[in-house]
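Read through the structures below before going on.
Across the two complexes that follow, subunit A remains constant while its partner is subunit B and subsequently subunit C.
So, the complex of A and B:
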């Protein structure tokens, strides 16, 4: 992930937000979607993505479904009810964080 | 351009031979690698699967093997979290209390030898539960190895040793404190092992639910 230290803390929020907008997604699809949305600025490595997905799954925020696609098994992730609620909280937290950082870095825009 | 069944099998075998031994971890890696190779081929790399695969592995093999370790850590964390969640279940302290009462009643109504003999089989009860669930699951899943299922063995082995710490005190049982520690310890060990059996079944069932659409 580029600028990894700055983005690292927001990885779960990014995943939750994407899953909130899509019914279900698989790992590679998430990495490509992020790359596309950020025009290549943010590249999530599988080393960062999958542990985050598994952590969210263990916390009960994501549900998993395995399907056979293109001659192989594919693991899809989707939000649980708790995950949907947590997404709202996480996005609010992130918005608050951005606002605070803006007040610090560029007070005129805050 | 989609990869053929043989290409997918090749990736699966390659990862299996690279010590990515668990089917659930490999499944996700195979899909990731295959998706990336397909994307490269669709972007104009026309050299054929094996050349693109070789390039991919030169660039990413070290990362993939490191990911395997991360996946295993995730499996351990999943077990830990599920276990803690189950411990918070109100039934768990009730189970502990019921076992304490059961052992006390047994102590009151049987000889010391019988009481000791019963306590000595405590570790085996939990272990038998795990072995039975494990064997049944492996039978259902065609002997494929699954990370969470196999790594459940570590906490079972740890808890298997736990009763020994308390059973040492059964040698004399002269004082009330010895009886308290023996019954409390055996009940605690058995409770923890039964909770492990419960979460084993739950985790096995969650695998089943994930794979329910696969024929």
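So, the complex of A and C:
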């Protein structure tokens, strides 16, 4: 991930937000969507994405679905009911964080 | 450009050679690698070999090119290090372990909140005590069987359904179910120093251990059943 330290803490929020908007997504699709939305500024590496996905799955925030696509099996991730609620909380937390940082870095805009 | 069946098979074999032995880990890696390779061939205009080598490194597998002849770069690059895949598996293993421990704890709490289970538990303890009065050795053996029930259960499933073999989910569910057996072994070692001969060890102690662990054993079996049902639903075993 570029600018890794700054983005790292927000990775789960990014994943939850994308799944909230896209119903279900597979691992590679998430990396490409982030790259597309940030115009290549943020690149999520496989080494960062999957541990985050597996953690969210273990916490019961994500559910999985498997489908056969082009001679192979594809694992799709989607939000559970708890996951949907948690997305709202995480986004609020992130908005608060951005606001606080704004007040610190650029008090005129805050 | 879509990869051919043979190229997908090559990637699957490459993952096996890199010791990604669990099928439920491999299927996720395979789809990611195939998608990334297809993307790189289409958008970056590179060859299959170059794309695969790039994706291989992207997973954190190291590759030192120094001293490797150009003709062997692809072969050496793919099999020199599998550290990234090992990390991937270890991480999933850690998360599954956490998930099953939470599930066991929740099942245990749910059990103790029902009157039915308290009755069942009381009946088990009474049965143990009654048998122990007349045949302590037989009671000890029954206790042992109770303690290895989760192991017997998972062994039964691995015979019944081959998809439970070489699956990380089931491997972790089994190891979580066998945790009780480890605790039992620990109690065995505590007494080992005091009693040189195993036959002289107090049978009653092990019967108490079996009684104490009975609720955990019941919760473990239920967790294993849930993991089986969940995997059957998700992976629709006919795919495999």
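By our rule, the second predicted complex is superposed on the first by the 110 of 110 C-alpha atoms of A that agree within 3 Å, B and C clash if a C-alpha of one lies under 4 Å from a C-alpha of the other, contacts with A are read in each partner's own complex, and residues count from 1 in each chain.
Just so it is clear, contacts are C-beta pairs under 8 Å (C-beta built on N, C-alpha and C of every residue); 3 or more make two chains touch, one makes a residue touch a chain.
None of these values were measured; they are calculated from a predicted model.
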Joint occupancy of subunit A by subunit B and subunit C, clash or fit: clash
Just checking: does A:66 make contact with subunit B only, subunit C only, both, or neither of them? Give me first, second, both or neither. both
Shared contact residues on subunit A - subunit B and subunit C: 26-29, 32, 45-47, 50-51, 54-55, 57-59, 64-66, 68, 70-75
Interface with subunit B, subunit A side, in the complex: residues 26-29, 32, 45-47, 50-51, 54-55, 57-59, 64-68, 70-75
The residues of subunit C that touch subunit A in their complex are 2-3, 5, 8, 27-28, 30-32, 34-36, 39, 58-60, 84, 87-88, 91-92, 95-96, 98-99, 102, 234-236, 239
Mind pulling up the subunit A residues that touch subunit C in the complex? 26-29, 32, 45-47, 50-51, 54-55, 57-59, 64-66, 68-75
How about subunit B: which of its residues touch subunit A in the complex? 2-5, 7-8, 27-28, 30-32, 34-36, 38-39, 63-64, 66-67, 70-71, 73-75, 77-78, 81-82, 210-211, 213-215
